[in-house]
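Here's the structure we're looking at; comments come further down.
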Amino acid sequence: VPLTAAGRRFCALAEEHAVAAAARAAECDREGRLPAETLREMQESGLAAACVPERFGGGGVDSLHDLAVGIGRVGRGDASTAIALNMHLGAVWGLTRHWRAAARRGDGAAEPLERLLQQVAEGRHLHCVAGSEPGTDILHPLTEATPVEGGWRIDGKKIFGTLSEVADLVHATVRVREPGGADFIAIASIPRGTPGMSVRGDWDALGMRASGSHGIAFDDCFVTDAMLGRHGRWGEWNRRVLEAQVSGNLGLLGAYLGVAEAARALVLPGLRTRRKAWSGAPLAERPGIQHGVAEMEIALASARAMLGRVAMLADTFFAGPPPADDELGGAHSLMREFQCAKWLVNRRAIEVVDQAMTLSGGSGYASGSPLARLYRDVRAGPFMQLFSPNEAFEYIGRVALGLDPEVG
Amino acid sequence: VPLTAAGRRFCALAEEHAVAAAARAAECDREGRLPAETLREMQESGLAAACVPERFGGGGVDSLHDLAVGIGRVGRGDASTAIALNMHLGAVWGLTRHWRAAARRGDGAAEPLERLLQQVAEGRHLHCVAGSEPGTDILHPLTEATPVEGGWRIDGKKIFGTLSEVADLVHATVRVREPGGADFIAIASIPRGTPGMSVRGDWDALGMRASGSHGIAFDDCFVTDAMLGRHGRWGEWNRRVLEAQVSGNLGLLGAYLGVAEAARALVLPGLRTRRKAWSGAPLAERPGIQHGVAEMEIALASARAMLGRVAMLADTFFAGPPPADDELGGAHSLMREFQCAKWLVNRRAIEVVDQAMTLSGGSGYASGSPLARLYRDVRAGPFMQLFSPNEAFEYIGRVALGLDPEVG
Amino acid sequence: VPLTAAGRRFCALAEEHAVAAAARAAECDREGRLPAETLREMQESGLAAACVPERFGGGGVDSLHDLAVGIGRVGRGDASTAIALNMHLGAVWGLTRHWRAAARRGDGAAEPLERLLQQVAEGRHLHCVAGSEPGTDILHPLTEATPVEGGWRIDGKKIFGTLSEVADLVHATVRVREPGGADFIAIASIPRGTPGMSVRGDWDALGMRASGSHGIAFDDCFVTDAMLGRHGRWGEWNRRVLEAQVSGNLGLLGAYLGVAEAARALVLPGLRTRRKAWSGAPLAERPGIQHGVAEMEIALASARAMLGRVAMLADTFFAGPPPADDELGGAHSLMREFQCAKWLVNRRAIEVVDQAMTLSGGSGYASGSPLARLYRDVRAGPFMQLFSPNEAFEYIGRVALGLDPEVG
Amino acid sequence: VPLTAAGRRFCALAEEHAVAAAARAAECDREGRLPAETLREMQESGLAAACVPERFGGGGVDSLHDLAVGIGRVGRGDASTAIALNMHLGAVWGLTRHWRAAARRGDGAAEPLERLLQQVAEGRHLHCVAGSEPGTDILHPLTEATPVEGGWRIDGKKIFGTLSEVADLVHATVRVREPGGADFIAIASIPRGTPGMSVRGDWDALGMRASGSHGIAFDDCFVTDAMLGRHGRWGEWNRRVLEAQVSGNLGLLGAYLGVAEAARALVLPGLRTRRKAWSGAPLAERPGIQHGVAEMEIALASARAMLGRVAMLADTFFAGPPPADDELGGAHSLMREFQCAKWLVNRRAIEVVDQAMTLSGGSGYASGSPLARLYRDVRAGPFMQLFSPNEAFEYIGRVALGLDPEVG
């Protein structure tokens, strides 16, 4: 449940949109189509402005805990819609945080951020982040920004660009080469329609089919100096990437928890009412059913608890004064907690849907069953950044052992 | 590995057919179409006659262990094809067993069975069993056989009728009402084209889409007296149903093991050769990859061991003299072992495919990836008769505790 | 971390006592002896009065969340001491709740409770609850209270009477027979030294050896009318038993979480500093160690999250207005959450200690190793009331399915 | 079940000795004392000569499968006795294998081995292997053999020297330094009573307390040239170490499987007969009990299957012609299967005992309960060589990925 007033308003509104998201889910899944109409409605209702400060006309949601809860409410209706919304809201939450820091510092950096936030508040802009690339990792983007007259030229290829086909501004991580080899990572913010940027329309996966997670190609794509912000050293952890990975991805856990809750809600009513044809005995009285339901309850409670805990830890972390840029201990400590939660929430969500599938007695395995869609959707969670299970254990172990948290 | 000479020939032939099965798998999955051409080829090559005694021109495969191994070989190519083949071979294995018993007794029952087996040996007939019905269980079929002039009228509805669209003979479990309430279960064997039997063509599931597991309706469908055989009391365990459920379903475990092996074979080569784009480091050297591969190896070894053990136990059981009809202890004991194996093999197969999916790093999640198909296919296993996980634990526990093995 | 000011004071004090508890743990474990001196010190410092309202001179800890955290702090030092303390504090917490209700009602029931609480505040009294009996369950006590002149005669036998050897007041559940068969459950509060009550001194278990969980025999043991309070119908759930089972047992989860934290704290430093003798390579750099540590971290985070969540739910429940006595829905709902948490926290705590044992590389398996004691101690958790894993799944499943939550 | 005639005789005899082993188990556990009398009886009955060829008067057990089954039979009675027996029999099995190879070669190496085997056949000698050392691993022994007049001087320290206090010959792995740095591993065979060898008597662990797994110190301890055999390069895998680690340790899995079987046998009868005191309802009819029993059955069946499979693979491997010394592929492949089995059998055995503990309802947690002893004993399995879980996953993963199977 949401903990702040802004969060409560956000969640209530999210629940309303979840109804439409659910109604469109089957069709969008079949067609592999992003429900652009749902996102437009979210811009109109103000849901898409949830993370813009109230002074700019936004919803004022600061709490990542409440953000994740609200994303989860949408996720109960449709997970693809939920992660698309999270892509935008996570980016906006980050902009708000940068605006706050800039406003505190009083330098000129606040003004352009203010303008971006107002455009979101007015329902005019959707943002997306393009971080993943094939064959490399988050600290080593291979998309390059090369200095040219008045700005930069971007060349490279991103994948998993959720929401990219309707995004008005794409924030892509890029590598900027430096003479001495001390390359750095920057964020290039590229407006929709910029020549050279093309959204591929190639997302066609087992699940999350309505998330529009297309590849994006940058081919000699120009951005102004103002639209490129340094992040840190290429290939090294820095505070901003750690923070962005936690704040931007926490909502995803909410989305997958929402899928698990939806699976439970789909299967329980039938177990309560259905009876064996030959004896009239209710299914609910069968020991195997009761045991399976109990396992589902425990897994679900555990996922909720874990998400709630890490989200509160994140709120505490971000409420504190920002540490020095070279003081990464606290951020790694938060990231470790996030990694524990990410692995567990995704795994438990998969198990809950799997258990619901078992409890459905086979009806959930039919192609047209909503449960079959949830079964496909929920499996995407572990792949999402940062980290996959192939890397998470090494990271968690290294941080806990006090080693340099570099993952192979 | 197969243990008998007949089994070795069967497995070698199965591997050949697996190539064609694999080549057709993607298309048949997409279209939800049974690969009838593969089954025809299996009839032509003699694979479909594997369980017919050699004296009738069959392959002489007696060993259920070797039958399961061979089904597994096909399952490596395509699981739908494998369970369709198992449906037929399991039925024929049972006919052979009945023929043997009848021949020993020397009564007239052997002759019609002999004819059926010869038709299979000549590649003319495919068999299928129709046991499942919605809302009831294996001991309480609701499809009824009513006595009429010269035979019986069959009315009712079956589901999960794998292979039914091309089967020449459908063996359906039915209920025969008796005046005093002592109803019994019988098997009605209904030839293809019998008026009143219609195969629905309605199989459309998350996975195993090429298995043609359609519903079958019987509407005033006539069979002769000769085509209806008593099985035992309606609602009670009897030796034949226990034996048929083990012998007919052991091959399914082979099929799902084959899926797990295929998933492993899909993912390992890439892990050995792929490298990180920015550093050239091989994926295989990453600790998380090595750990995940090890978990996959253990799960796979465990599934193989469990299937091998229960199949050898079944061979020992069926090699012994048939116990008296009212002596079910040995059959329940075997069924308990089979239930342990069924649960474990299905669960481990699911885990192996899931782990392969994780190790694929996301590429296996693409809609067109063979791994995505395996992920959908392998989930069917636990639903297959007898039992689902909703019932298996109760059955195993009751047998181990010496209680009446009746499951709610 | 504690959430209230009273809780923070309680936890700080608990940490101080944990030092002495830890110092005495090995010896008390070896001798199977309750560390009575530690409990005396807790009475002297005021820790034992933590749950007495501040107006009576107590610590004013209302929050069960904070109570569990503080018990966990003691549990890090010694689990036996922690569950002994929880036995007393849980009982006192319940008395305070009853006193509040009585004070609100304004009847005479408040006064004797006030006196009991003051005695605790003055460090004079320790309480214990005696609920368990061999071969029966919490709703069906077989110890009987028979009416006699001026009071009741108690006869029967209790087990697992943690703290009983030093308790000044033993609260035992008893059965009172009624003519029409509508027996009820009551609580008989029996002062130390009452003739006919004998503490057996027979606690000798694999672990938790210093908890003094002896059997207690009641043989013609007299209590006055004032010392017997009705609880509800014998054999039926009632609100007071549900509430008492949650509030009295939540702290136990804290104790077992403390054991897990202690195991982690024992093993991590060595992994950070130890090196292979032949190569000098640090153990921490080994992939298997990192993976094992990560699994330990996830399990521990999950246990913490689950306990934190259910404890906050309990605080919310108990902060609300007490529901009508025949309205059990909310209490069962809380109990279901508690059961999910109890199973999970105990299981994860066992796994964390097991993983620490593995990571110790064998040194933790030595008889004198503190880890070996933790390994024995932590296994007690699942046995503790209410419920054991033999019953918990049935209860959780039945409540989730909307069935009568009666467990066989 | 044993597969060979020699194996059947061995197992039948082992079952007889298991009775005495069981009778002494509690006392030897309490006192931490090796049951030397049981081992003497095994020498007298010929059980200790099981792995000596029949031509020398031994039992002629070649099959490692049957060896493991027989060790398991003893393990049902007492696990400490079983691993002590396995220590001796595994060493003798290896001597027999070396004798066979030497006899085939026809060189003089056969004769001394023949003499050793005859002494075992006559019930005069017990052997033990001393491989483990603190802080290093099997490929890097730090105990050194230094050349001296007529032989070698041994200096160093071994741990986990099961059976050492009664062994007549201790086979210790040692390092022999070579000038160029190409050190090698050798086996020094040291007769009981050799000056400078002292068995410490320091084994005092959580479980397996009767296995006498003491430390052994070598201090200027002389052996003749004849008693030192080269094994391979120090720090590198070689065929003999791989083979010895599989053949010597397979029996340990049998011992831990025996513990699991004993735990099941302890708990089932009570579940069948005990009833709730207030209702008379049998425990066996409770759903939670049935589910727990089913989990125990599956875990046990899985452990049996896995041990059976790897033992048959080992028999096939050792029945084949020995590969060239530099051809390690087959041996690593077998070792990988063994590692999968070792991890799984040990883990499942732990789970079975844990589940039996849960099902005991608390009675198994009493200090004097045999189940409590099994709970302590079974936890030793994962620590035993080769590998612990800290290393096994890395090894399995590396072999499966085709990497150099060197574990950090």
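Think of it as A, B, C and D in the order they're written, each chain with its own count starting at 1.
Assume a residue touches a chain if its C-beta (ideal position, glycine included) is under 8 Å from a C-beta of that chain, and two chains touch if they have at least 3 such contacts.
Remember, it's a predicted structure, so these values are computed and weren't measured experimentally.
Of all chains, the one whose mean C-alpha position sits at the greatest distance from that of subunit B is C. Checking A-D, B-D or A-B against A-C, more than half of the residue-numbered contact pairs recur only at B-D.
Interface comparison, B-C versus C-D: the pair with the greater number of contacting C-beta pairs is C-D.
Between subunit C and subunit D, the centres computed from C-alpha atoms are 42 Å apart.
Mean C-alpha positions place subunit B and subunit C at a centre distance of 51 Å.
Residues of subunit D in contact with at least two other chains: 285, 287-292, 392-394. Taken together, the touching pairs cover every possible pairing of the chains.
Of all residues in subunit D, those touching subunit A in their complex are 287-288, 290-291.
Subunit C makes touch with subunit A in their complex at residues 268, 271-272, 284-285, 287, 289-298, 301-302, 304-306, 308-310, 336-337, 340-341, 343-344, 392-398, 400-403.
Across the interface of their complex, subunit D is touched by residues 32, 133-137, 140, 142, 160, 204-207, 209, 235, 274-279, 281, 285-289, 291-292, 350, 354, 357-359, 361-362, 365-369, 372, 375-376, 379-380, 382-383, 388-394, 408 of subunit C.
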